[in-house]
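Shared between the two complexes below is chain A, which pairs with chain B and chain C, respectively.
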Partner chain A sequence: MAIAIGSSDTAQRSNERSTRANLDRMLPYGLIAPAVFVAFAIAVVPMGYAIWLSLQDWYLLRRPTPIWGGLINYIQLFHDASLWAAFGRTWIWTIGTVFVELFLGVPIALLFNRESAVSRTASALILLPWVTPFVVLGFGWRFLLDGDVGPIQGILKMLGISGTGSVLNDPVRALIAIIMISGWKGMPFMVIAVLAALKSIPKDIYEAAEVDGAGAFRRFYHVTLPAIWNTMLTVGIVLGILAFYSFDLPWIMTRGGPQAATTIVGITMYKAVFQELRPAYAAAISVVMLVLLFVASILVLRLRRKD
Partner chain B sequence: MKRLPMLRDVGLDVLTLCILFIVLLPILWVVVASVRPDSDIASGGWIPQRFTIQHYQEIMAFPGFLVALKNSLIVGITVAVITTTMAVPAAYALSRLSFRGRNFVALVILGTQMLPSVAVLVPLVVIIRQIGLSNTLTALIFTHLSLGMPIAVWMLRGYIDGVPRELEEAALIDGCGRIGAMVRVVLPLIRPAIVAVGTFAFVLSWGEFILALALISKADTKTLPLALQGLFDPYSFSWGRVMAGGTIIALPTIILFLVFRKQLVGGLLAGGVKG
Partner chain C sequence: MAVRVLRLLAAETHVVFWQFSTRDADVAAWKNAIAQFEKVNPEIKVDMEIVPWADQQQRLVSALSAGGLPDVSMLGNNVVAQFVAAGSLTPVDDYFASYNKEHGGDVAADVWPGDKGYYYLGGHWWASPVCVETRALYYRKDLFRQAGLDPDNPPGTWEQLAADADKITKASKGTAYGIALSASLDYYTVQNFMSAYLGYGARMIGENGKCGFNTPEFKAALTVYVSMYKNHSTHPDAPSMNGDTLRRGFRDGKYAMILADAGLYGDLKSDNAPFFKDIGIAMVPAGPKGRAAFLGGWPLVLWNASEHKEAAAKWIMFVTHGDALRSLANAANFIPGAVSIAKGPPWNSAPYALFVDQLKDARPYQYPGEAIPQMGQLEVDTIQKAVQAVALGQQSVDAATAQLCAAIDEVLAR
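The block that comes next holds the complex of A and B.
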């Protein structure tokens, strides 16, 4: 009797232990499930759905319910001259934005790389354009470049860069202006990333280079630049991806105009859904965007230095 | 001998301040315009002499602006709470527990961080329309989770990595389960990071424009960034009023950022953050 009770007790205990072990094995999945669900629902599923959608024939004005269309959207897309013009502008936009970010960000990072209270405060405050929402900056710059009251428009007029009307009314200048603004907004991110890379360069390398008689320029070219090269490249890609998918700034500031001067692909895609009511065509555009961006990123990554 | 480097330092400090001023001038100008009378904005020169809070008073009386403010707060706070409650356990699992598929999961979560909203805009809008959720705050909250979730998991994982394992092991021996150890030992230690991550999620949702534009078209569910367009009153147009609306959106972002700067800069560098 006593033995029987004892044995059933151990059985129960080992049973408990195995459910406990099972629970332990399941625990990580339980903990991670909500976050993974969100990642799937908001990124992975929509990407897959976009591919399926891009193969449908669905034009709300003519065919309100989607039917299988095969490559019909891709064929149309291939012949859509205004879309390829928008893609061309998007590359100018993306490369221009990253160029402005590097051109402003790297020298500012070099300047801020000192041990002083001023440079510490400055490297915090420089981030304000980066953290201020696009929508605020878009409307803000519309005011700053307004033809009648815009103060920065006034400066541009004084410098002879702009005529009496706003720079945003001139196709070429509007694109250049918004690229500059886009670069100004992203530049702080470049500054803090390069600054972090600069801080990790050991001081004695510079001293050794100086002893060897290397001037400031040679020190920069042979010591500093190699040390920050990969950071510049990686951050350049991240910022380039963001620029490639821009929408807010040109939409708020010019609605893609004047004429189509600032219509980048993000705007073309938005118009395809909401104005032309062609969601399947828009989905095809977003698939092509992703493919082109992927190829471009791979090409740029090959410029990485290997040690 | 010693004066020359000192002079150089002062010179570089001055140069730093000048550059900083030029970079921040556009934002400063926006804020200043929001407290100047419209007549001064048009013809009062660059240095403000008269100040007014009239634009802010007008905005508060503007139809829809208070509704938008309320909606933005609801969406932002809900997003912050859900993001942190989902990110903390996920970050803990990625940091502390070993399981099959861990690297894959980490990759998927980080990958979604790299994916801008515009890339998934079309399919998301179609899906949300088909399940009948357009023009609801629910849909906006759900899509806004993508803004801060990946970076939250990533940042918190780094912070949990920094908590010594011995602290938890003591709790595990004392009979706490894994979850008990997480809640009682790790959570209190990373509380500042959790607050920072929640703030971040709030701020990203607060200023978000394109998802809101694509999903919301009715006045009663508009958020602040959408309401800004509504401040362009064709009958009594005022730049000051629009700039005041912009300042209301920008100010919480800027203040919260400056408060949590230390935690956030590390996070910014950990993964390129959506703008």
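The block that comes next holds the complex of A and C.
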């Protein structure tokens, strides 16, 4: 009897241990399940829908409901010269925006890394372009570049960069102008990220470099730059992806014009859905965008690993 | 009491109505119309949702493809054909017939002739008009006098308009431009320029069903229109400026002339503009082949997706006819879409009378052709590009016209 009771206790304990082990094993899955579910719902499902939609034949004026179209949209897309021109502009826009963000962001971060009252105040103000909505910035810059009363337009005219009308009237200058504005808007994000990287560099390294006779430029090149390089690349990729998907700023400022000079892919996609009523074609564009961006991101990340 | 309330709630039918104006006066006018309707139809509740004009196409197309359309909505007159082609609207012929039977008269005969071209398609009525709009020439008599022009003789032709705008600009010595004329990728450009090309006898769609613009008439119209930008008679940013900014500029006194709707008069009055007493209004200039004015406006439509079509149609018929339409138009300051109402007060006196009179010359973009489903696409992205390209000197008139026709034909063939 005693043996029987002991055996029952052992079995019970063994069961409890097994249950606990199972629970322990399941716990991590349970903890990440909500996040996985949310990620699935907000990323994978829409992406799956976009891929499905891109394979439909759906021009709302001819067909109220979608039917299977296979690769019809992709075939049209590869023959659409204006779309590829928009893709070309989008790369110029993306690379230009990230370049401006780096060109402005890194020196400002270096400046803010110095302890002073000015840098403390300015580091709060620097966020303004980042937190201001596109619509406010767009209309604000339209005023600044107004051919009649715009103060920045006046300066550009004085420097001989612009004629009587706004720079937004000229195809090349309009694209450059909105790339500059786009870069200026994204610059605070770069400043904050680079500043955080700068703060993490131990002071001893600078002191050691100084003792070894390194001047300011060599200290920057051999100590600072390697320490912030990864941050610059990673933040550059994030800001580049945001720029690649842009729509608001060029739409508000120029509607993609003059002619198609500032029509980037975001605008082409918007027009395909809401003006041309071709949602399936727009979905095909979005899938191509995704693939191109994925490939570009992989290449940049490889570059980072190589470094 | 609670039981009664529950019974009432259960018996109520809710009609979702998308209204596109965000102006306080318009919203108040619509609320008042809804209250009147619910008073005589206590079993129906109209739930008004404000969808701004700027977002309406986006919202409607999203709802069309993903669900969520309202029962009733406003719609731009030139996109009714688009949604008819998409199979999304319900014809309202039966409701017109019922209304005629109940109230007498003929509501179809009370629609403006130009509007009929937009709403009567394939032998059916697809919309019931609320508002009709046209653009006339507002001009500043003080600036006319300053330029040595006769303030009682506003320009009657496009050539005269260009010449007067030039004289006024030169005489004002940098304080004002002759005309607020849009040449950008904005709706205002085509809404203004259509008066020129139709006046010159150009036609958007030729007899073969393809683009009909590649003609000397169209090129002459484009040349005279763009000349006003090229000789600096309008703002230097006109090719990149939106129409609302130009309109605001006229209200601020920066321009001597503008083609605008009747509502501008009320705006100038409420601005208490110092030049208000010097404002004159004339009909839109004519071309060699006559006068053609912009025909704007919007009706109410009944969406196929509605599960309460009878109640929704009741609301449409109530608010687009009779006293309800009269008081709505009065409060919201627009010309009613029913001819019989628009011929009465206050629309038979200044400033409306001229606009109402001009409606006889108001035409759709594709006049004299039938409304086409692709007009929504053509309106936003074709004609404006040609105007802008020539204005900025990026293309010659010939090249811009050829490219315009290629774009139109591509959309029509899609």
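We adopt the following convention: the second predicted complex is superposed on the first by the 262 of 307 C-alpha atoms of A that agree within 3 Å, B and C clash if a C-alpha of one lies under 4 Å from a C-alpha of the other, contacts with A are read in each partner's own complex, and residues count from 1 in each chain.
Everything that follows uses one rule, which is that a contact is a pair of C-beta atoms (placed from the backbone, for glycine too) under 8 Å apart; a residue touches a chain by one contact, two chains touch by 3 or more.
Everything quoted here is computed from the prediction, not taken from an experiment.
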Sticking to the clash and touch definitions up top, decide whether chain B and chain C on chain A clash or fit.
-> clash
Is A:148 touching the first partner chain B, the second partner chain C, both, or neither of them?
-> both
Could you say whether A:133 touches chain B, chain C, both of them, or neither, answering first, second, both or neither?
-> first
With the two complexes superposed on chain A, say which partner A:86 touches: chain B (first), chain C (second), both, or neither.
-> neither
State whether A:271 touches chain B only (first), chain C only (second), both chains, or neither.
-> second
Check whether chain B or chain C contacts more residues of chain A in the superposed model.
-> B
In the superposed arrangement, which partner chain does A:166 touch: chain B (first), chain C (second), both, or neither?
-> second
Can A:279 be said to touch chain B (first), chain C (second), both, or neither?
-> both
Mind working out whether A:257 is in touch with chain B, chain C, both or neither, as first, second, both or neither?
-> second
After superposition on the shared chain, which partner residues are touched by A:175: those of chain B (first), chain C (second), both, or neither?
-> neither
Against chain C, colliding segment of chain B, chosen among 130-138, 202-210 or 256-264 | 130-138
On chain A, what residues does chain B touch that chain C touches as well?
-> 146, 148, 273-274, 279
Can you name the residues of chain C that touch chain A in the complex?
-> 57-58, 61, 64-65, 82, 85-88, 184-186, 232, 235-237, 239-240, 373-374, 376-377, 380-381, 385, 388-389, 392, 394, 411, 414
Residue positions on chain A within touch of chain C in the complex are 59-62, 64, 146-148, 164-166, 168-171, 174, 254-259, 271, 273-277, 279
Touch list for chain B against partner chain A, complex | 9, 12-13, 15-17, 19-20, 23-24, 26-27, 29-30, 33, 41-42, 46, 85-87, 89-90, 92-94, 97-99, 102, 105, 108-109, 111-112, 114-127, 142-143, 145-146, 149-150, 153, 178-179, 203, 206-210, 214, 225, 228, 239, 242-243, 245-247, 249-250, 253-254, 257-258, 261, 265, 268-269, 272-275
Contact residues on chain A for chain B in the complex?
-> 24-25, 27-32, 34-36, 38-47, 49-50, 53, 108, 111-112, 114, 116, 118-119, 122, 124-137, 139-141, 143-144, 146, 148-149, 151-152, 184-189, 192-193, 196, 235, 238-239, 241-242, 245-248, 251-252, 266, 269-270, 273-274, 279, 282-283, 285-286, 289-290
